[in-house]
Each structure stands twice: as structure tokens, then as C-alpha cells.
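The structure under discussion appears below in the form of C-alpha cells.
By letter and in written order, the chains are A, B, C, D, E and F; residue numbering begins at 1 in each of them.
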Amino acid sequence: MRPSGRTTGQIRPVTITRQFTAHAEGSVLIEFGETKVICTASVEEGVPRFLKGEGKGWITAEYGMLPRSTHTRMRREASAGKQSGRTQEISRLIARALRAAVDLKALGENTITIDCDVIQADGGTRTASITGACVALVDALNYMRAKDIIQTNPLKHMIAAISVGIYKGEPVADLDYPEDSAAETDMNVVMTDTGKLIEVQGTAEEEPFSFDEMQQMMTMAKHAINELFDAQKAALN
Amino acid sequence: MRPSGRTTGQIRPVTITRQFTAHAEGSVLIEFGETKVICTASVEEGVPRFLKGEGKGWITAEYGMLPRSTHTRMRREASAGKQSGRTQEISRLIARALRAAVDLKALGENTITIDCDVIQADGGTRTASITGACVALVDALNYMRAKDIIQTNPLKHMIAAISVGIYKGEPVADLDYPEDSAAETDMNVVMTDTGKLIEVQGTAEEEPFSFDEMQQMMTMAKHAINELFDAQKAALN
Amino acid sequence: MRPSGRTTGQIRPVTITRQFTAHAEGSVLIEFGETKVICTASVEEGVPRFLKGEGKGWITAEYGMLPRSTHTRMRREASAGKQSGRTQEISRLIARALRAAVDLKALGENTITIDCDVIQADGGTRTASITGACVALVDALNYMRAKDIIQTNPLKHMIAAISVGIYKGEPVADLDYPEDSAAETDMNVVMTDTGKLIEVQGTAEEEPFSFDEMQQMMTMAKHAINELFDAQKAALN
Amino acid sequence: MRPSGRTTGQIRPVTITRQFTAHAEGSVLIEFGETKVICTASVEEGVPRFLKGEGKGWITAEYGMLPRSTHTRMRREASAGKQSGRTQEISRLIARALRAAVDLKALGENTITIDCDVIQADGGTRTASITGACVALVDALNYMRAKDIIQTNPLKHMIAAISVGIYKGEPVADLDYPEDSAAETDMNVVMTDTGKLIEVQGTAEEEPFSFDEMQQMMTMAKHAINELFDAQKAALN
Amino acid sequence: MRPSGRTTGQIRPVTITRQFTAHAEGSVLIEFGETKVICTASVEEGVPRFLKGEGKGWITAEYGMLPRSTHTRMRREASAGKQSGRTQEISRLIARALRAAVDLKALGENTITIDCDVIQADGGTRTASITGACVALVDALNYMRAKDIIQTNPLKHMIAAISVGIYKGEPVADLDYPEDSAAETDMNVVMTDTGKLIEVQGTAEEEPFSFDEMQQMMTMAKHAINELFDAQKAALN
Amino acid sequence: MRPSGRTTGQIRPVTITRQFTAHAEGSVLIEFGETKVICTASVEEGVPRFLKGEGKGWITAEYGMLPRSTHTRMRREASAGKQSGRTQEISRLIARALRAAVDLKALGENTITIDCDVIQADGGTRTASITGACVALVDALNYMRAKDIIQTNPLKHMIAAISVGIYKGEPVADLDYPEDSAAETDMNVVMTDTGKLIEVQGTAEEEPFSFDEMQQMMTMAKHAINELFDAQKAALN
């Protein structure tokens, strides 16, 4: 039933390449099938003004797409002079999710900036971004400990994210672009590896969905995300 | 347990005033307790460029806060020269929710612009906005039928929205500002009066939440939103 | 002769509602007939950089219109990314007028920000803004004295403003929208309750006006503004 | 009494140089003493969208200051990315004043853009701009007639402008910078050579002014502007 | 003498990977040692307004750097809301160089947009961009011929670019970051494979350079660029 | 052969007027034939943040064109809200060139801002800007020494600039607008009066140029610039 021939709950092959670029404290290329995102984590001393003197750190994030990561070229946001609402929304989501993974007190007055740049898009860029960024974050935290910038590990748990949706009336996991653009409902779920929820965003694109369908999607998301945790762990070993 | 003395599932008094201002085709002042939002619906001929010639209409929305709707004055976005990520995110949410309430084909090549302007904020401004905007939308659609701009009623169902959350470990409905700023989890739910879901956005602010807690919040949201449908219907009669 | 049936010097009914919203130190809804403006005064410690260390305070103002305060929807300035020249001009006028009402030295190094947001427009929004803002300012100054932020009353005199113009060849006071859009000349006058002038702005829209007509408009403005002072005083008692 | 040694009603020497630059249809360097402004009038076919098909023309204006036209360098507005409120206010004033001098119907569907660029500032830049721009406009209209773009002369009357004010308690005309920055009241007056008023803008900078003082300033302005009309006529012959 | 141990005229290893991403008509990853740039060529029907109806095509370019392509994180230009002068200068250079390689008439009324996104920077990003973009352009032109969008090959000649400079008093080719940041003079040269010059940009960073030194750098550039032509040809076969 | 009747190497008459405006520390009107540029040098205490505490000064530059300095009116950049890529590129070129003329250490922690505003354009505005700015810079440095802001003369050598190009197959110097818009190649050369090069920027507009042609243009540029040094010296005596 799925254009890709996958079973309803089956996610795409996931590849996580660490140290993808040379300069960032954490740098990961994550691939969910044909979706490819470079996730970097940059460590900087100091915190934004609103946090100064509170003895804790901060994590922020920015998301972007290369203009030709998509089927037809999108206008470059730097040249348009502003980021779209969608870009800002995803940036805020990534940052919020990663902050929930870390004990900001243990981070000291340092800031980690996550950059997620999509070089090829085929659906699920925001969930790939979160999943890849968490690995880049771990590398950045390890760098900070190695450099004695922090003394303890601020990571509370790993996080990962998947999209689920209702496609042709059936719940499916990890929608690719052909599914995403035709889905009745689209839901993004961010979870911890302790089995708890960080973020749930479900949207009826065409048809409202029932409480029952939501339940099914949540269960499917849980299974899918557990596979992502396996991929993260494999990459980190 | 709640600062306001309300029971966990109890929402604030809801007041809906139609024809609040004179010029808009639909104009509603909605109050969720101390939260007050002016929602207007403006009818314009034509559709955005990407829809031209497709024989269907469009609904868009913009959200704003008066600078001193809040405890301390916020910078005016018009003067700052850009809307915050939060503002854009809420504008997109309102528009998406209302589009899901309407058969865009039946709207013809017309655009309805929803403006939700918060004049006093005490938590729950986005859910009050959606709930009030739906009433303003009904008035605008009635105007269009009275003026023979459209022949059938494009409204598929009413929609309304409520926030629920985990506050001091307990699920509560319709959080006011003191609760909202201290909640562990915050979830906004948009529903149809046919009992289906349009949008679910749950965010762990402090602590991840369990699948179980999510279930409880969803059930509580369902009950609360049904009260909002009663208030909408009373206002429209 | 006037569309509203008023006599040439007759102003519209004026209503001033104090404490219109909850958070601002001064909050007034002023109505000049169908023109409705929310005026808030916000007190903040400190002054803009150019005044630092000079031992005096500052008053600034921002004017805005809700997008559908007008007959047809205007573009939201926050979304357009800039304020129009008209908006900035009115903001500057309001601020200048209110600064002229106050002894800035007696204000200490504090800033009062006036926000005038038009929720319904029917001509005369800038003069209603100034007249309402002066009442909000008084409330804010009273708040400051009650909180011991200042020791003396910085208010030198009340101010109020009216528009006058030449409409169908005759001087008229307090033009509403149908008059304003057809007037040959439009003049805004800001006065003190000690009978002096703060600001006079007269513009020939269609036909140049004579020194004589200017004289007549000034006299008419004086009488009209005195009625506004009565309305302000009634509201403050 | 005046820093420059002038008598109260005496204006500075006025010099008007036509054809100051080569490309514009009208190009004037106007000097009010040490204040020097380049005023150009550019003729373009067509009108702004809101006037299309109405069979009449348009006049618009833009005002600017070279960064080092002032005592200390101002930030370049092109580099700051926005024009100040003051700049926009003056641009609007110049355009309004010149439109009042012309029969827009007789202009046909053409636009004249006035650019007033201050190369040296010593007070009175906006009144010098209007006075010089009117001469540039005449040259541009003559060009249009010579090229058969228009058949009749759209000019209804010449216009000119002067600043008057209360300085050390006395009304004075044509304030230079030392006076302008210390004046109690500042008033800009735009007049036609038929003795009528186009624009009056009086502002109390320090002290409110009386109706009487306003009268005196108006009379002084009238005399001063008549001298400007002489200078304009001399330049045009 | 060179930090990398290279001889003065020796360039870094060059790798050119075609079809690096899936969607663009031409997509190349080019590596000059540790400098890595994704160059895509996107074909779109139509031309910018200023070329409409002239029967010829257009090539434009945009350059960008991922925020963490550099040693310390740069601010994301999309978030800053504007592109730096450097970014715009390089974008203009790339576009100009590629336009010089193509017969725009033979391109028909089509536009090719080149995007050069630096994912890792180690000096020479603009010359790597031009060299890689030319290969992406060839792929895009081949696509256009295969799709019968154009009938003849618009390519007049290949182009490639190299940086040369004076480092510690000696001319060197293909400066990496440590050299680039310490060089006395920096010169970028764009050449055709027919041995002619498209662009020469030489800048004294510290010390003016002699006519003689310029001569030496030009000769060195010519040799280096010939190696780049070999790399391009190898990649295209 | 040249539209102006000049011989191939002949430059236009050069006029340099010092103290052209009153306020700037250095103010020069430079004319290359019909090209006229006001160049001012403004001295300010302090340096940009990235230089603080390094004990040296800074020179920056901004270039602009009056909207009607050109044949047809250009949009005012201040009103467009951004500077074009061309404007920024020229600003950066001017600043870089002048910094190369000065020992920044000897300047102390002071900033000199160069403004080059074109009031009439006929080709070669950037080279006229650099040549005139150098004279304004000398005046500003003399001012600083007279005021004891600096103790030694930071000027290392004079600089001047000329454009050369290939026009109808022949090398020519100091292209005016008719030549510039038709030239096959355009090259700007900045030199010191000690015979060395600061900047060389050659661009093939239509046809690639040979190494030989480049050689010829460089020789022609050298002769032309020497005439500019004579004009500068005459103006400074």
C-alpha cells in the first residue's frame, strides 16, 4: 500500500555518520532513507542575556534547508531576508526537545547551538534533525567533559523523534515525501529512551482524526522510536 | 490546589460577545476568565496566488498581542520590524484549525482573514483565539450567504480549543497564567463538535510525560471543549 | 449639512473608561463616537541611552491600528515588517504632546510608554489617542506616587486634542470618517487646559486655506477642546 | 539678539541654482545661508497602482541627509536598513505640499518624483527643500510641455516654505541650527504665492505658546515667504 | 615553507563528486583539500523581468556558508535577516563568471540558478565554488538538451578558478586557511580552458604588491587552473 | 574612436575641491569629467568592537548614489530598506584601499569613516571615490594632528584609482558611461604613489581577455594614475 513498499510500521533505513565535518564539537550526518540532514553542535562560553548569572546553561537550535534540497528550488531564506514561519517553528521544536534532554544546571554557563541543515529532503526532516542532533549533542558534551568545561554529564536521557500519520486511512510510520504530501493526518512524536514523551504534535491535514486513531499512531511511534534509539546507540559505540 | 480555586477539570467562565466592532464581517470578543481576545473575520474577494484558478477559497490568520496585554510591556512587533517565532507559530495554528472546519471548495475564490488580537492575557490566548475565531467565522459565512457571495454553507463543523496540562503532578484544564508558567506539561487540543481531533500539541516544559498522563489530559480536554461548544452555540442563538 | 446631523462646532459624544485592561499602570478606553482607542501607560525604570545620567525621565508613544479597525482590512504592520510613515508620524506626535504636559525632571529616571491601539476607526484617531492617553498618564503618575517612585506630581497641565477642518466650505469640529475623507482642509490642535497651544497641524487636502479660515478653525478648536477637558475631569473624579 | 545678528524677521541669504546636476528633468541647489539642499524632479511615465486608470498624475517625494551633512556624522539610513520617522515625516510633507501646487488631472498619467538631499545642514532643511523643489518642479513641467508629454501647464501657483519660532521669547523667522535647537516653539509654514496656506505645523518644544504668539508667527511667516517667492521668480527668469 | 608542506605552486587534492544530491539538475560536491562545497544548478523556465522578451536566458548564483563550516560558528544569515557584503560579493562573482562561460542566446528564455553552499571551509571557498559550479552547470545543460529544452550546447568553454597570493614574501597557489589569513596579498583568478581571463581580483591585505609580483602570481594561477581543468574533465567522463 | 574624442590613454579633466562642505574633518568634491562625488572623512573616537583594546585605529567607508545621479532615477536604497550588492562591494573596496594607505597603529584607537556620495554619475564613480577620499583623508589626518589627537602622520603613501578597459578591441583609460556600458572588459586599478598595487579587479563583461591585454591595461593604468597623483598634490598645496 505504501509507495515505497514498506509495511505500515516500518521505518526507512537510518544511517548516522559522526564527525561528518571537521570544525564542530559535534557533527553528524543523519539519513532517514533519502532525507539527509547535517546536524552540528557548537559549544560557546556564556549564555543569552536573560539567563546571565543564573548558573545554568542553554541550548538553542536553528534549522535550514539548502535551496535545492527539495524537488523544486526554494528561495534562499538569507536572501529573502527572513525565515519562514515553518523554519522558525521547527527551530523552536528542535531546541525545546534537546533542552528537555539535558540538565541545564550541569551545563554551567555555556551555550550549545544546534544547527540542522537539510541537504536533501524526502519527508521527516524535523524528526531526522532531532534524532541526529541528539547524537551531535552527546559528542559536544563529551568534548566539554574532555576539556574540563563541565565535570558531570548533563545528559538526562537520549531523545529521538519520528513522524507517524494516517495515509489512505491507515496509520503509518516515518512518512516519506509522497506519503507526507497526501496524508490525512500528520503527527510528530519526540520521546525519551526512558519511554516518556517530550513533544506530540498531531495535525489533521484533510480529515479530523479520532481519539482511537491517535492511540494507534502513538503506539506505532513508540515502536519506531525504539529502533531509532538502537541506531543512535550503535553510532555512539 | 489550583491558584484560582478551580477543580482540576473546571474551565474559567467563558463570555462571547458578537459584533464587538463595527466594520468586520465577523467580530467577536471572547473572554476565558481574564484572557480577552478580539477575533475578527474579514471577507475579501480573490485568493492568494498559489490557489488562483483552482476554484476554491482560503482562510488565513494573524495573531497579535497588544504591547501591554501582559504583566510587563512587550515590545511592539510592528516597531521591532518582525513577528516572533511564537506569534507566527500561533498564527499558523489558528489558520490551520479554521481551514479544517470549512469546505474550501464551497467558499468559492474568496479569502477570509482571521485576526486575533489579545487585549489582555492570562494564559490560554491561543485556545481562546481559536474558539472565538470560529464564532466570527460563522458570522462572516452568514454575511457571505446573505450577500449571495456563496450559495451553500461551507462550515463542516464547529471547532473549539482548550489547553490542558500537568500542574503540580495533576492534570488540569484551561490553565491560567500562574499555572501555565509553572506547569510541567502543556497541551493544546483543537476538536470538532463531532468529537474528532484537529490538532494536538503537547510539550514537556520541565518533565517528560507518560503515555498515561497524555491519555488523562486528552480525556479532560474532551470534556472541557464540550463546554466551549455550548458557549459558542449560546452566543450564536 | 454634516452627514451626522451635528452642528458645525459640535463634537461627538465622548466616553472615557478607566482601568479598561488589568495590567497597565494606566489603561483607558476612549470613544469619540464610533472611534475607539485603547490607551495604556506603562511605567518602566530607566531611560533611553541618550538621557542616561541626566536625572530626568522620558515619555514615548506608539500608535497602532488593529487590521480590521477600518472599513476594509489593512495589512498588519507587524507582518509587513515595518510601520507606515503615517503610523510613525502619529506616534511621534502623541509622544511630543504628552512630554509637553510633564516636568520630565520631576519624573526621575523613569520612562512612561504610551500605547494607543485603535480598535475601531471613524476619523479623529490621533486626537482621541492624545486625549485618552493623557488620562492614562495621570493614572500612571498616581501609581508612581502611591508606590513612592516619585515624590511630587510631574503633571504641569492636562492636554487634549481635537480635529477641525473645512468641510463643504464651512469650518467644522471633530470630523468623522465621511467628513475627514472629503474635507478641503484638516487641522489637528493640541491644547493645554491653561489655554495654550502644544501643537497645531493644518493641511490643505484639496484647496489652500486662508489666514481667516485658519483663525476660525482655531477658535472652534478651542471651544471643542474645552469640552474634552470636562470629559477628562469627569472621568478622573 | 539672534546668534547670527539678524533682525527678528530677517531671513538668511537665499541662493537658487538651476540645472545643478545634468540628468534630472529639474535639478536645483537651494541654499538658505549654510543650509544646502539638492532638489531634483524626475519625470516617469505611469502612476502608482492605486491611481491606475483614473486619468490623473502623481507627485511623490523623498528626503535624505548625507551622513556628514550634520555636525556629527549620522548613521546612513540605507545602511541602517530603514528611514527614521523624521525622514518619512518630512518626505510626506514635501510631497503633500507639492501636490497642492499642481492640477494632477492636467499632469496626465505621469509621476514626478522629488528628491531632496541635504548636503549641508544648518536648520530649516525641510522648508528649503520645499522652496527649492518647487523650482525643480517648474523645470520638470516645462520639460514635459517641451516634449509634448502634457499640453497645458498643471501648475496652479508657486509654493514656498519658511520656519518661524519663538526664540528667547521673541518670534523670529528662518531659524538656523543654533536657534532651532534652543527655540521654545518651532513652526513650519507652507504658502502659495496667492497668499493662501498649504500647511502649518507648529510645535511647542519647551513651553506651550499662546494664540497671540501663533498670530505673530503667522504674520512673520507671510512676509518671509514673500521674499522666497521673489527669489524663486528671479531664478526662473 | 607552507604550513601544509606543499611546494609554492602545488594545489591541494581536488575531488569532484557528481550527482551528490538527488533533486537538482546538476549537483556536485567539490573538495579542495579540506574545503568542501555543494554546488547545485537548478533549471527554471522563464527569465527575470529585465530580460523578458529578449530571447535569451540568464544565470544567477547564490553563495552561502553553513554556520559551523568555520572554526567558530558564524551567525546564520537567514536568521540575521541579511546577507553580508562578502556573501553578496561572492554570489555576484560566481554568477558573472558562469555567465561568461555560456552563450545566453542559446539558452533560450530559461534561468539557471547556481547555489554554492560551503559545508566545510579551509580557504579558497569562492574558487572551489566556481570550479565545482561549472561542472554542475554542464550537467544541467546536458539535462536541458536531453529534455529538448534547448537544441544546441550553450557552453562556450569550461571555466575554473584558483586563488594565488604572496605568503611570507613568496607567490603560492591555492591558499588554505592558515595561509589565507596571513597572506600579504590575495588574488583570485578565473580562466577559460582556452587560456583567457574572465576575472582577476587582487588585493593587498598588508603590503602593496609590485607589478612584478602580479606577473608571477598570474603565471602560477595559469598552471594551477590547468590542473583544475583536468580534474573537471576527469569528473565529466 | 572614443565617443568623447579622447585618445586611448587620455583621462578626463580632474577637479578636486577641498572643504566642499562645512562640518566634516575632510570634505572633497572630486570631478572626473561629468562624474561628481562628494567624499567626506569623519573622525570619531573609539573603534569597532572587534578592535577594542588592540591599540590601533580603523577606517571604514560607505558609498551611495543620489537617486537621480543617473540617467534614469534609481530607487533610493534607504527607502528600499537595503543596500544593493554593488553598493556594498564598492564600499568594501574603498575602505580596503584606504586602510592600505594608513598605518593603523599610528592612528590610535580612532575611527575614520569615509562617505562617498555620487551626485552625478558618468562612469568611474568608484575610482573617483577612492581618489577623492584619499584627499579627504589627508585633511582629516591633518585635523587630528592639529588637535593633538595623533602625534605622527599615519599616512604611508597617497593612493589613487583609475578604470581601464577594452573598448572596441582597444585598451582605453578612464571610461565614461557610454564606453563603460559597451566595454568588453573593465578593470579597476588602485595604486600607491610609490608605484605599487593595492587592488586590481578585472572583469570580462562580454569576451574573455588575454594575458597580453591585461598587461597593456595595467601599463595604461599606471600612467593614468600618475596624473591623478599630480592632481591630488596640486589640490593639497
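One rule holds for everything that comes next: a residue touches a chain if its C-beta (ideal position, glycine included) is under 8 Å from a C-beta of that chain, and two chains touch if they have at least 3 such contacts.
Note that the structure is predicted; figures quoted are calculated from it, not measured.
Both chain C and chain D are touched by no common chain.
In terms of the stated touch criterion, chain D and chain F have no partners in common. With chains reduced to the mean position of their C-alpha atoms, the one farthest from chain C is E.
In terms of their C-alpha centroids, the spacing between chain A and chain E amounts to 33 Å.
With centres taken as mean Cα positions, chain F sits 27 Å from chain E.
Chain B and chain E have Cα centroids separated by 50 Å.
Across the assembly, chain A contributes residues 81-82 that each touch 2 or more other chains. Order of chains round the closed ring, starting at chain A and going on to chain B, comes out as A, B, C, D, F, E.
The touching residues of chain C, counted against chain D in their complex, run 82, 85-86, 88-89, 91-92, 96, 100, 157, 187, 191-192, 194-204, 208-211, 214, 218, 222. For chain A in complex with chain E, the residues that touch the partner chain are 21-24, 27, 34, 36, 38, 40, 42, 44, 62, 64, 66-73, 76-83, 87, 113, 115, 117, 119-120.
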